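Residue numbering begins at 1 within each chain, and the chains themselves are lettered A, B, C and D in the order written.
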Amino acid sequence: MEKIPFVAETSFHVRYAETDAMGIVHHAAYIVYFEEGRSHYMRERGSSYAEFEKGGQYMAVTEVHARYVRAARYDQKIRIRCWVEQIRSRGLTFQYELADYDTGDLLVTGTSKHICLDKEGHVIKFPAEWQAWLVG
Amino acid sequence: MEKIPFVAETSFHVRYAETDAMGIVHHAAYIVYFEEGRSHYMRERGSSYAEFEKGGQYMAVTEVHARYVRAARYDQKIRIRCWVEQIRSRGLTFQYELADYDTGDLLVTGTSKHICLDKEGHVIKFPAEWQAWLVG
Amino acid sequence: MEKIPFVAETSFHVRYAETDAMGIVHHAAYIVYFEEGRSHYMRERGSSYAEFEKGGQYMAVTEVHARYVRAARYDQKIRIRCWVEQIRSRGLTFQYELADYDTGDLLVTGTSKHICLDKEGHVIKFPAEWQAWLVG
Amino acid sequence: MEKIPFVAETSFHVRYAETDAMGIVHHAAYIVYFEEGRSHYMRERGSSYAEFEKGGQYMAVTEVHARYVRAARYDQKIRIRCWVEQIRSRGLTFQYELADYDTGDLLVTGTSKHICLDKEGHVIKFPAEWQAWLVG
């Protein structure tokens, strides 16, 4: 039986700087929103990615994918849900779901894939304590 | 006797995308933070700049000034205070103060000046009801 | 026999604001680089996306995918190649390849999918003259 | 008699991501354009700020000021001029002038002030060789 993942949820208002001349949120801004969801996920798990880096390890992004369903606009309140889709010793996949905070209308879905690097930029295994921390 | 201005206060975490290779928040990101403070100010006054635009008027930025006191870092919780420093029929000045949310240490101060434009881009007077709304 | 696509190539230096605390270009910045490649593609075809919008139509992004191979750093000169992978009456896919300008080392690859919208936001067919213009 | 400063000039097209819902370049984007002008200034002087950082020193921004004269739009070709307004042992001021590349119409002017930091973040004097390099 598959374990139900921990889902972190946060919300925020669209900033004007994130809109573009089409009057909607620029598609690259959602990649930053994904990151916000990921940061929040880690805070919710009791730590911060900042702590992660202090240990001399880094999470590098190897892939990102976004599917745009509905446009968001300035000042719109957006809800983002983020969870770990898959974790292996050498790879971690986060999944994202952005929706309008009030109506629940789906806006954007996406995933990001990550590897763990040491200070010299070499790929290393995700430390066991992090694997436990992230999804345990 | 000078009237004590209405001060809007909000807080948020620094996003990773807002940091730069110096390990700190990039100085241009604070201009976006100012805008966030301004947007929050309007929400606190009971409306939104989005409503403003729906009326066919725009607030254009004519000047911005920032003074950087302390650097902020990824995931740091920041508090921003925003208030109207001056409002005249043809000009509006917002003032900003960013500080660490926990310690209150001052990070950045700044101002932005604005004019009101119609749809054709002509400078018009700030409608009286907005003057009242913004600072009344 | 498959037609060899028109490939637009341009280059630019990484801006400091595009780096992050890891000392490398933030992964969301590449989505903006893709767009720069796309804009350049259109200029090379003899027009501009700005003209496209003046006609009252918009190209909305429905999907974006990026695969990160090597990190880029501040001031690095980057070469981007962009071409149309597929064009249909209701869908357009651009492909991107970013590499170091001097060494040719591959940095990032990606795709973006687009639909055509009218002013009211309804999906319409890509006008035939654009299909011709983009890939003819 | 005042020495005529070295002026570095470069140009680029406005990116779509830099526009906002008002249809014009977002005011914070110009702060990044200033930086682009500054980076280009250093390249023109024969080095790069990247080299500067490799030496273990950093140029921190202490103040930025921008005055917005005319709005720029997507795909507009912009010319930026940058020069050193003042250099002292503990402070450096750059000045910027952005204009439309074709018409020369002034868009934005501004300044940025900088100090020199060591790796620990302490303010140090600008090394003499840099003073010479920047304005000599």
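Everything that follows uses one rule, which is that contacts are C-beta pairs under 8 Å (C-beta built on N, C-alpha and C of every residue); 3 or more make two chains touch, one makes a residue touch a chain.
This one's a predicted model, so the numbers in the text were calculated from it and none came from an experiment.
The angle needed to superpose chain A on chain D by their Cα atoms is 180 degrees, rounded to the nearest 5. When the interfaces A-C and A-B are ranked by how many C-beta pairs touch across them, A-C comes first. Separating the CA-averaged centres of chain B and chain C is a span of 33 Å.
For the pair chain A and chain C, the distance between C-alpha centroids works out to 23 Å.
One finds 27 Å separating the Cα centroids of chain A and chain B. The multi-chain contact residues of chain B, meaning those touching 2 or more other chains, are 16-17, 21, 28, 32, 35, 53, 73-74. Interface of chain D with chain B (complex): residues 21-22, 27-29, 31-32, 35, 53, 58, 60-68, 71, 121. Against chain C, in their complex, chain B makes its touches with residues 16-17, 19-21, 23-24, 26, 28, 73-74.
Only residues 12-13, 15-17, 32, 35-36, 39, 43, 48-50, 53, 73-75 of chain A touch chain B when the two sit together in their complex.
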